[in-house]
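Got some structures for you, see below.
Next, two complexes with subunit A in common: one pairs it with subunit B, the other with subunit C.
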Partner chain A sequence: MSVNLDSIVQVIATRFKIDANRIVPEASFDELGLDSLSQIELALSLKKDLGISISDDELAQISTVSDIFKMVNKVC
Partner chain B sequence: MKAIISGLGGWLPPEVVSNEHISSTLDTTPEWIETRTGIRERRNVTDGLSTRDLAVKAGRQALKSAGNCKVDLVIVASTCPDRLCPSVAPEVAALLGLGGVAAYDINSACSGFVYGLATATGFIASGVVESVLLIGSETISPFINPADRGTRPIFGDGAGAVVLRKGSKGEPGAIGPIDLGSDGSNAGLIVIPGGGTRQRSATGLGHDAEANEDWYVRMDGRATFVQAVSRMAQSAQNVLARANWGCADVDWFIGHQANIRILHGAANELGLPLCKVASNIDRTGNTLAASIPILLNDMVASGKLKPGHRVLMGAFGAGLSWGSTVLVWPDIPVETIA
Partner chain C sequence: MLKERLGAAITGIGLVTPAGIGTQANWKRVVEGKTTAAIDPELDKFPVRISCRVPEFTPENLVANPWQWDRFAQFALVATLEALRDANLEPRQWEDDARVAVIIGSGAGGTATMEAQHAALLSEGPSGISPLTLPMGLINMATGQVAIEIGARGPCLAPCTACASGGSAIGIARDVLRAGLADIVIAGGAEAPITPLYVSSFARMRALSRREDPLLASRPFDANRDGFVLGEGAGIFVLETEEHARRRNARVHAKVLGYGTSADAHHVTSPHPEGRGAKIAMRMALADAGLNADQVGYINAHGTSTPANDIIESAAIREVFGNRVAVSSTKGVTGHLLGAGAAIEAAYAALSLEHGVIPPTANLMNPDPRMDIDLVRQNAREQRLHFALSNSFGFGGQNVSLLFAA
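Showing the complex of A and B:
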């Protein structure tokens, strides 16, 4: 199973009410206005919407949208 | 036989502690605290006020709201009673002039109020009593490490109370299905290690034998956040299914005021619009077992929660423990909590 970038962008856009056009692969959490708690919130949304579980250690390595895409496709 | 909410009250100690004050002694800012918790200020006890004192104030308000009816049982839900023994409820009952009624404490941390509702419901359903005064009362500030950025901004002191009487299914205020749960394998996520028998049996008497930090609340914030969102959402789903309610039937989600982002996370999991998430955490902080009745009081006093509204109530706390219930809000008078 693989997850495309659009699906991840949609989860982020919906959960954090961000314009999807701003959610480009190189965008960092900081640039999107997201803080450390947002990583946890995103992990919960990825599990709920896409059925993907990301551990706390894996979460700590994420800083950009591209990182999320790579991590999601590594674990699923 | 059902338990019906027939009175509501609350009380907050007057000492207001702002984010600015906390930020002056910790490596944080008022904005950082507010964006991550939703909290702008909280109340702390001063001048020797204790859990018992706050319970009496809130209990008196709830009895007044219920028309100063008699009650057969007083339950105080608290994480931080005045001492290990005896429980504070008998003193509270005496100070409220309730005579020799049954009285005892329960401790299920932040879930204590929902556990208390379940306990009161059971007593009334079994016919052992006809009415209960249930008080959530917490003076957690003496247990908070002033140097801990993870807990110092979050917790506050306060008390809230309800009166429950026997009644019939379908009456406004009737406590609906209740879902309760626990996970002791995660007991270490939120804990006050000192003061109990485990340390005494290991180290003997004397504070010198224990680390100073053991007398304060410790919390793994990240793990607690994930557990709180997941457990509250799952418990709420369970109780909604048993009540045959959908999310669209809910007018207000009255959740334990742990952190506004936990509440929003749980609502997101449930598919509940954020406009249905009730909150007063900006002015109270997390008051543990007292948070739900204080929030109910604020919601009624402000006119947001009206008779006939359908309420989904949910809590999560140390233990771990969690619980949920539903009810249709009754028409009861309250006074504003200053």
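Showing the complex of A and C:
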């Protein structure tokens, strides 16, 4: 399974009502205003919308949008 | 003695209610006495389909990160920001942030969030629920989130006395100022209870009007009243010590002068048949303000439009005040906003004093003949007022009466 960056961006934009243009690969969760609870919420949305599973431990290792993309496509 | 009786100055009012967003829209609508009840498309499958919704509320344009806020807290923030603008105060620009308190009551808190997440728990299991469940669902989160947003670091409380919550908040705020614990208090109530669980629960108790025509459903004190209509929104005051208000030359709408609060100690939902708790609260507010009953010109009643409340409240008012005080219930216009109701009605009472106008009770066509009080109906009444009272009674038999001075 592979997931493209656009669909990850779309999930973030929809769930958190953030302009998709702001969600560049190098954007950190901090820069997007996503605190630790919101990052768990993001993992939940990625699972529901794209079937991506990110464990709490994995979540603690990543900090940017491209980290999600890399992790998902390496793991799968 | 005089110092002890100093009131709290109302220097800002923020209203987000079915009658509109903003004090001007609200005052126009309640003075016109036009009901806001309508068929609610979201209640299609429910035994009662009428509600009073806040019109044109678009949180995306009003709140940063609206997805982190339950609807009741969104209402609280929008009303707070309006009240601060009205008071000519800038959030986060406090002289001393430890002297700014936030006291916002709610009865139901983030019930929409809790209900949705409980559904997710049942359908998807423990890992399927949002980590924001509690930060959005807890009853104290309107207060907590507003304090974060405006940078207020003084006392921070969320009184819960069901439908009297906003009144408790304003009374406690007055006491916080009087005790010298803060210079400024953001005080009021917020509620967003038009949800499957709340509508169904109230309907099961037969507390809601079953009338077909929404325009005639909320009709306090009418002989044909048959229950209340559920509303939503928030009412927020900026309260300051009179000295603080004077020092910064703030415009004062009115003052909170008396606070009475009591329990029926009788039944979880039915009012005491002789209105014992209600009378205690009203007399306590008078004594607290150092006033006689005949000095009060207007009472904004709890007046829910339920058969039991309105008859018992009117008899209690008759006993404490006689039949010369003007009485109306603005719930004919707004419906019943539960914990926020007490706060928006406190604001309407304050605006009555400011404008010398008593709003009418909407839909009061055939006053219940058992009520021997001066009910204002059909048209607003112009009358110079010095003092006004606002009643709020909650489930649990919890009562609040607030006395306001011009």
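Methods note: the second predicted complex is superposed on the first by the 76 of 76 C-alpha atoms of A that agree within 3 Å, B and C clash if a C-alpha of one lies under 4 Å from a C-alpha of the other, contacts with A are read in each partner's own complex, and residues count from 1 in each chain.
Methods note: a contact is a pair of C-beta atoms (placed from the backbone, for glycine too) under 8 Å apart; a residue touches a chain by one contact, two chains touch by 3 or more.
Fair warning: this is a prediction, and the values are worked out from it, not measured in the lab.
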Which superposed partner A:Gly33 touches (first subunit B, second subunit C, both, neither): second
Touching partner for A:Phe16 - first (subunit B), second (subunit C), both, neither: second
Partner chain in contact with A:Leu44 - subunit B first, subunit C second, else both or neither: both
Shared subunit A contacts, counted only where both subunit B and subunit C touch the same residue: 15, 37, 40-41, 44
Partner subunit A, residues of subunit C touching it in the complex: 60, 65-68, 128, 130-132, 135
Subunit A - residues contacting subunit B, complex: 15, 35, 37, 40-41, 43-45, 48, 56
In the complex, subunit A residues that touch subunit C: 15-17, 33, 37-38, 40-41, 44
Residue ranges of subunit B touching subunit A (in the complex, touch as defined): 35-36, 222-223, 225-226, 229-230, 261, 265, 268-269
